[in-house]
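Take a look at these structures.
In what follows, chain A forms one complex with chain B and a second complex with chain C.
Presenting the complex of A and B:
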């Protein structure tokens, strides 16, 4: 019971928070909520299966682009629905053709995907529409964006919890441990991986769609910024990618740390990002949450 | 480890209190400063552009104003400028948050814009909501009139892609009418924002002026081998070679043309052609190359500005957007001296006033700077404005360009 009540109380608290903070505070809340959502959605697929995906921004950017293209033609909820469908369709096509790849091949492919989508959109805009930048003039307030993102983040974590308890979660965990064992024990590998990949992609796409009204101007080089993919991975890894709350636990402090760095060490941010990446992989390869659990267990034994 | 002793604490107490009091006194003196904030790209893909055009000019201007005793106010008093700066990491998400931070956390008096069209558009709704004037300098957009109308306190100062394309066509038309070049042009364009704007403006303008596009090709951003498209352009029989390019392309095509001995009567590149490093890229053979932008290199104000920029930043400014950026800061300075820091009055003064700047006397039309140089040419070691030819300070274009 307490496992359900505590997150719900936290959610209510987070939902009323905008009334108490400044514009900048709200900006921080949006950023933190976005990265919690991205990292949790990433972990939904990659955390369990150990298929490290660098395609986050391919979906995130597609969401933003969908809003840019459709925002004047359709009402807002329909725009979000179209963005989600676009993300799902893309994930299906990509998933069917690539989830047979494993290990480093999948990582490289997923990284290439963001570049591929970006070049396709650029080609289309140059040769068909003859313009590259698009504008988003939507009357969505910062608070509105925050509440939507909070809802999406909460839904992602709830979905992860639900999947984790069911057959799909079990299947994904076995796949992550050993694919051959999984295949021999009768798990439909392709279907399980594809289901998780598409779910994760739909959430990533929606996150991109929800934040896009904040930039007004959309261009492939702006929305397909590979840093988003890297940040998402490192946040999830730091917290613990195969724990329910791990990605959120990694995302919030890292996001705040980067914000602080950009104000105090504006020139050295990429260097510090690189060092942090190395540090996380070396020092807490499993993430903070599993490391802490291990420490507690050892204490209990001693 | 030893704990902190009580004696040490007792000793530390008064020191801490003195420090706190000093801090409080500092805060009081701060009231007399003018807080100016900006969030520019120190890292990421936009850092190059911001590092050439935006940041050195902001720093030079703040340094100049503070050395003169501060910003003059309408009551004749001077207040020193205090800068609050953030890195936007070339990400619009971080940029938007940084602007919110400047407004609600740092409570700055004025905000200077970031570098780039996308970045300026990203902050425009926020700036409008908070009421801050926005002098969008490094934003080249054909939609400037719409934006100026949409956000009343926004000012657009670098024209649009169609303006630059039409300006170039104008210069070439005069050369063709004089019989120095034929009516064929070879055009290549980068498949990215500005290149697309320029080519989509240039195609109809060239056709309306009676030119034939003997060669018209776009290349993807990141292309580094131009030999194939350059030799096709050479084979097209056009006297004019026009590249709507970004700096890597502008530099690469210059070198390729030199290596293959391609000597069109007109050799035009876009962004990067007016950079101070261009003569170095062209191996000292830049004479006659045309590019986007230009300055009235003969004017004393520009010469003085170039000298000050070089002394302060260690390098010359670029001959396109740098001078306009600095001019926008001078406008801000003069508008504050007349109207003060209240944003409404300040925006009104910027919109209606006339200002003395390094690019000459400036008066905005519908919140846009329209008195701009569209085409320039390297002549005698300086990048001089050649178009519009009727404007005071324009040099006559040298066509045909001397061989490499």
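Presenting the complex of A and C:
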């Protein structure tokens, strides 16, 4: 019971927080909620299966761009639905062609995907529609964006928890441990991986769609910024990608640290990011949460 | 028209082939999936341009030095960064995930260093840009020089791997890293050599690309992506395969750029990759397992 009540109480607390903070504080809250959502959604697929997806921003950017294209033509809920469908279609195409093969093909494909989508959209806009760069005029306040993102983040974590208890979660964990064992125990490898990947991609796309009004002006080079993919991976890794709360735990402090770094060291910021990332891979490869669990267990045994 | 595409495509393909050769060595022998590979090539390109503009040293003269520096950098990278990962994985499948993550971090680190050192602008130099007529097609001399470098370096590598004892031990590690120690091969040393040699080839390719192409500090991902696709097409660790696939990609890209649209070259690369994945995931020249 407490495991359900505590997160719900925290959610209520987070939902009333905008009343207490300044405009700048609200911006930080939106950013933190966005990265908690992105990192949790990323871990939903990559954390369990160890299939490292480097394509977060391909989906995030697609979501944002879908809103930019459709925001004047359709009502808001329909726009979100279209964005989600676009993300799902893209994930299906990528998943169907690569997830049946060994993991490295998937990584390579995801590695270049954002750049591919960016170039394709740029080409299409320049040659067919003739409008590179679009404006988003939606009647959404910053608070509205925050609440939507909070809801999406909460839904992502709830969904991860629910999947983790079910057959799909079990299947994904076995796949992550040993794919051959998984195949022999009758798990449909391709279907399990595809289901988790598409779910994760839809959430990433929705996250991009929800934050897009914050950009106001949208251009492929703005919304397909590779730093988003990079931050998502490092946040999930730091917290512990195969734990339910790991990605959220990694996302909040790292997001604040990155905000501070980019404000105070704008020139050396990318270098610091790279160093931090390498540091995480070397020092806490499993993430903080599993490392802490191990430490506690050792204490208990001693 | 067709001859132009053919010749320009072959010249471009030469640079791609060279780029992919280094990557196939790093992945095939050292078993490191290096996502920062394109950044290493870009760093060499920037250094070659800086030497040319700052000190007046032409790229052709600085090339051996740049390649040697690439070897040294690769050696250091392997010792400092990859070796601990290899030791930690204990020969298991974890190395692949770890190396992907570590080099993904390295990618941003190197890109950050390049951005701070050289800025975000597109860079190019005019060096040996006199046209030379080949079969009636005017080709810039710098492209021909780059092509010559590729043929020389690629040919030398193929020969060395095929005919020397050193090449034999490299191939042995690529084929069976578990069994290589049984015949007295120091796997760690060979892996380090393979990785360093790969970095040297990346530097060579980068410096030769700087002679004729415009590039920017954020373009590394595209280089890596193209090299990866070529490696997969040729079959991992397959040097002649990588050479052939590199030429094929250069031809296809030039064809797409001239016949359809230059903005779609990366899409062509991906389409090719998708085709290989669906049709022959073991590589065009690999054996079916």
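As a convention for this text, the second predicted complex is superposed on the first by the 299 of 302 C-alpha atoms of A that agree within 3 Å, B and C clash if a C-alpha of one lies under 4 Å from a C-alpha of the other, contacts with A are read in each partner's own complex, and residues count from 1 in each chain.
One rule holds for everything that comes next: a residue touches a chain if its C-beta (ideal position, glycine included) is under 8 Å from a C-beta of that chain, and two chains touch if they have at least 3 such contacts.
Model, not experiment: these values are computed from the prediction.
By the document's definition of touching, both partners, chain B and chain C, reach A:267.
Of the two partner chains placed by superposition, only chain B is touched by A:31; chain C is not. When the two complexes are overlaid on their common chain A, residue A:282 makes contact with chain C while staying clear of chain B.
When the two structures are aligned on the shared chain, A:259 is found in touch with chain B, with no touch to chain C.
After overlaying the two complexes on the shared chain, residue contacts for A:133 are found with chain B alone; chain C is out of touch.
In the overlay built on the shared chain, the residue A:217 is in contact with chain B alone; chain C does not reach it.
When the shared chain is aligned, chain B and chain C each come close enough to touch A:119.
Once the two complexes are laid over each other on the shared chain, residue contacts for A:52 go to chain C alone; chain B is not touched. Contacts of A:97 after superposition: chain C is touched, whereas chain B is not reached.
When the two complexes are laid over each other on chain A, chain A has residues 119, 122-123, 126, 227, 267, 269-270 in contact with both chain B and chain C. Chain B makes touch with chain A in their complex at residues 42-45, 85-94, 96-98, 100-101, 103-105, 117-118, 121-122, 124-125, 191-193, 196-197, 200, 218, 220-221. Interface residues of chain A, counted against chain B in their complex, comprise 22-28, 30-31, 34, 119, 122-123, 125-126, 130-133, 135, 142, 211, 214-217, 219, 221-222, 225, 227, 259, 262-263, 266-267, 269-270. Within the complex formed with chain A, the residues of chain C that make contact are 33, 35, 81, 84, 88, 96-98, 100-102, 104-113, 115-116, 221-222, 224-225, 228-229, 232, 261, 263-264, 266-267, 269-270, 273-274, 277-278, 281.
Within the complex, the chain A residues that touch chain C are 50, 52, 54, 97-98, 101, 103-105, 107-109, 111-112, 115-116, 119-120, 122-123, 126-127, 226-227, 230, 233-234, 237, 267-278, 280-282, 285.
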